[in-house]
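Each remark here refers to the structure printed beneath this line.
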Amino acid sequence: MSQTGKKLLAVFRSSIGRKLLTGVTGLALVVFLLEHLYSNLLYFSTDPDAYNENAHFLISLDLVYVLELGLLTFFVVHIIVGVSIYLRKRKARPDGYAKYQSAGKPSRQSLSSRTMIVTGLVLLAFLVIHIISFKYGPGIEEGFVVTIDGEPVRDLKRLLEEKFQHPAYAFGYPFVMILLGFHLRHGIWSAFQSLGAMNPRLTPVVYTLGGVLAVLIAVGFLVLPLWIFFST
Amino acid sequence: MEIAEPHVTERPERSRLKARVPAGRLQDKWDVYKNNAKLVNPANKRKHTIIIVGTGLAGASAAATLGGLGYNIKSLCIQDSARRAHSIAAQGGINAAKNYPNDGDTIWRLFYDTIKGGDYRSREGNVYRLAQISNNIIDQAVAQGVPFAREYGGLLDNRSFGGAQVSRTFYARGQTGQQLLLGAYQAMSHQIQEGRVEMLPRREMLELVVIDGRARGIVTRNLVTGELERHVGDAVLLCTGGYGNAYYLSTNAQNSNVTAAWRCHKRGAFFANPCFTQIHPTCIPVSGDYQSKLTLMSESLRNDGRVWVPKDTNDARPPSQIPEGERDYYLERRYPSFGNLVPRDVASRAAKAVTDEGLGVGETNLAVYLDFRDAIERLGRQAIEDRYGNLFEMYERITGDTPYEVPMRIFPAVHYTMGGLWVDYELMTTVPGLFVLGEANFSDHGANRLGASALMQGLADGYFVIPYTLGGYIAGAELGDVTIGHSTFADTERAAGERLRRLLDVKGGKTVAEFHRELGQIMWDHVGMSRNRDGLLQAAEAIRRLRDEYWQNVNVAGRNDTLNKNLEFAGRVGDFLELGEMMALDALHREESCGGHFREEHKTAEGEALRDDDDFAYVAAWEHTGDHARPQLHREDLEFEYVRPSTRSYK
Amino acid sequence: MTVHLRIWRQAGPDSPGRLAEYTVEDVNEHMSFLELLDVLNEKLITEGEEPIEFDNDCREGICGSCGLMVGGVAHGPQPRTAICQLHMRHFNDGDTIVVEPWRATAFPIIKDLVVDRSAFDRIMAAGGYVSVKTGGAPDANALPVTKEDADLAMDYASCIGCGACVAACPNSSASLFTASKIAHLAMLPQGTPERRRRVLNMVDQMEAEGFGDCSNHAECEAVCPKGISISAIALMRREYVRAVLSS
């Protein structure tokens, strides 16, 4: 293994390295989420084809496999490291306190910070279902087709509308998005702290902005299914 | 123990005690010593094991330095970590004659202030050496990364302290002791990592092992398992701090004790000037019987705080409503040139004087005000917060009052003991191979220690004195091979074990703390800020009775084979009960007032301390002569070649 | 006032423990919490029971010996206060207070409320110092340090090593303890030559002692008697990345 490779491996075996990795992958995933959110919100565009046009544009990118592979790597690394941090935590205090509570400010401990492993694992399960439903869901062969620029492409918009007719999807999705909001509430600011980017002045600002962003992302995602369910 | 009362004040025979201060000019003595000291070959140093008891400033700095030189160090402490030794609680600062402020300081002046502050009861040679070394300590600490306060220009800041008219005190907020101790602890940790220092925490030294007339080891109790352990070495360095807890309530930590020093005393080390106790003027007053300790408020507060009491004994108004004209700023009135910055002993006695007159304030009337109103008006609240913020916070936490608005209530409390095991210029006791460093020895502060000098002495001893003097001893002594299998080790260990068993077997009706509180009350009442013949005789008698009762009626809980703090304390209180009597005895024999030792029979018309240089310019070193025998007094005459003892005046 | 205490009793490292119930009457509001335990212990000794063991020493909040979970919070409810300086005026008559030792694999219980924190000493020995032998130091004013840096270094250096950060951390991480020393020395020119070795070795040792990872709950800062900021941890991470990239 190269010298650099060894170094990197050493970093990721250390507690600081693990957090760095969680932070970097987490922030990358937030960027992905923002892109995904943008794509979702195109549903509300005045141009009825905007949603499908965008989806088509994305999957026609030359580097789409590279992007997907990268995304997959980020997810896998984020999950593996997250679980290992949780397991180490369990090992570091096998017998808990009879009584325990947060001391309050300036602690950032919250329901969100304490449930990262739970919200994370639910999101993982969701992700699997989500990918099966949409990425590997019915396509052109099954009749979900629309013509964009004279070319037949997959009609994801219709797929979306049909899926969210089911109450399980229409309400399950928003529920998970609320959990995503919780995950991001701690996750976003925590990523910056893990990268060493924080100082006493920045922390409150980033913590607040992180919270706002978490809410925006969660709300942004959950309006779509609810809108579809209630408007059709 | 019987005190044949009339003999106590009888002139002792002229002493055989020799301090072995090198000849030559005062300024040259330490250089002369170093030039002539024998050296240990670097390759041989690791063959010598040095036992260091205690990890405060003196112990940790000695372990770090001697480990760095290549000796094989065994370091022990009673706390769970070396970093917790009580040096950590020193707040105010450390003196050095750097003269960075350019306000006229010199090594001579630091020497002179220290010897004058000690009321001419310390050795010129030692004190001069201390002043010389003071500057190296600051350099060393800064190199270790001790974050001393700095000015905007990036250089070190200084402040003034009691007993001096120059600003020579270096400080790290109100946590100077902590930062210096952590510096020494970190340096020692480095040596632990290097394998030169073996650190054994949670160990209490119970006995000194003397073989062929030399200190060759110690017996300790492992405080977790209760096991007795033997440690053998070529020299033993005692760095175990002071014995202020003889008074029960003091600013010392709960674990501070005299046991290690007292055990050494019983094995032949003379105990010098035991009655010289420093009562610190600015402590938070006692609030109830349950109280376990007194908290010091740094003396640096007197730089900006003004001490006062109401002029009228019946004035029950809150302080803010007492007009200027009805306040007595008694320190400024009595000592116009030093004002609120008089030395500690003077400030403490003045507080006692006003409270004795019934002018005290607070619930118990045993307090005086320390007021920051004027300083806040003059400098602004922010400036005061920068200087004393953490001290004010601490005060508020304990009392519930905020000193920004209400004057602090303060009262003197036992803080430091200038007395300790007698050592010569090399810091060696009357037992060859037993060295004593820091507060545990008696050497540099005479009858009163100036503020910010304890840190200086502890580190001077550990960093810069002992490396030279220990080398001289090791190189010069013929040390036979001794192992822990030696019969003396077995005998000494047996004695230590029997004492523990005896304590557990009494199963009497009074707790250790009850005895300790009773002893403390006797000490505070009669061997405290002001002493007289009758009181001291009474105290000696009362302590003797209490000690007899102790061994008949103490109730020590628990077992020996586990962590048992009650048993630890029982042993320590047993020793305080012996030491206390000797303190009274020493105070009784010293028919003069000097420094912290104030005999009511010896004062000026104005009530100031009256020294008797003709008869008492000596160190009183007491030799243990048996458990029920009167200790034998030895004298080390103090010769003043360079300073002329004068009446201390801070007026 | 009267307070009810539920205190962890454990005879030894391998013995099972339990919460035992005690009631103390006539509690004075000016008492410190440890003085309350003293009063209780005096009572227990008089009644022939074994007193409760707890570490304590200076009782003025600086030695770091004491440390108890009081009411579920490390060092009790008052911020920036070691338990020795918590006074009973912060409790109410009739309160029931749960008292437990620090709990962490790296801090094994010795007896009752006493734990073994020697892991901290080993982390310090791994690199928490400037390797300077005694003597030969340059003049203290030879190396200016800006007041801001010196003040910040002092903020970090004020750590008392009590272990509350570990005790309160949901992950039992020792990051604040380790980072405060790294940050203290990183702020000063004296700490610069060894900064890479220091952070790598101390972080490795922290890992080896079995502390958990830091998940940025910042609970440590909230219970720290000296209020040391978690920006120390951010700084440690920067130091770490820099050390890895440049070594």
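All chains are identified by letter, namely A, B and C, in their written order; residue positions are counted from 1 within each chain.
The rule is short, and it goes like this: contacts are C-beta pairs under 8 Å (C-beta built on N, C-alpha and C of every residue); 3 or more make two chains touch, one makes a residue touch a chain.
Bear in mind that the values here come from a model prediction, so they are computed numbers and not experimental data.
Distance from each chain's C-alpha mean to the overall C-alpha mean is smallest for C.
The two chains most heavily joined by C-beta contacts are B-C. The centroid of the Cα atoms in chain B and the matching centroid in chain C are 27 Å apart. Averaged C-alpha coordinates give centres for chain A and chain C that are 36 Å from one another. Rounded to a whole number, the gap between the C-alpha centres of chain A and chain B is 63 angstrom. Within chain C, no positions touching two or more other chains are listed. Of all residues in chain C, those touching chain A in their complex are 6, 8, 19, 69, 71-74, 77, 79, 98, 100, 103-106, 168, 170-173, 175, 203-204, 206-207, 210-219, 221-223, 229-231, 233-238, 240-241, 244, 247.
Across the complex, chain C is touched by residues 61, 64-65, 68, 79-86, 88-89, 98, 100, 136, 138-145, 147-156, 172-173, 175, 177-179, 182, 185-187, 189-190, 192-193, 199, 201, 224, 253-255, 287-288, 290-293, 295-296, 393-394, 397-398, 400, 463-464, 467, 511, 513-514, 555, 557-558, 562-566 of chain B.
Residue ranges of chain A in contact with chain C, taken from their complex: 7, 10-11, 14-20, 85, 88-89, 91-109, 113-114, 116, 186, 189-190, 193-200, 203. Interface of chain C with chain B (complex): residues 11-12, 28, 30-32, 34-35, 38-39, 41-42, 44-46, 48-51, 53, 55-65, 78, 80-81, 85, 87, 89, 110-111, 114, 116-118, 120-121, 124-135, 137-141, 143-147, 150, 153-154, 157-158, 160-161, 184-185, 187-188, 190-191.
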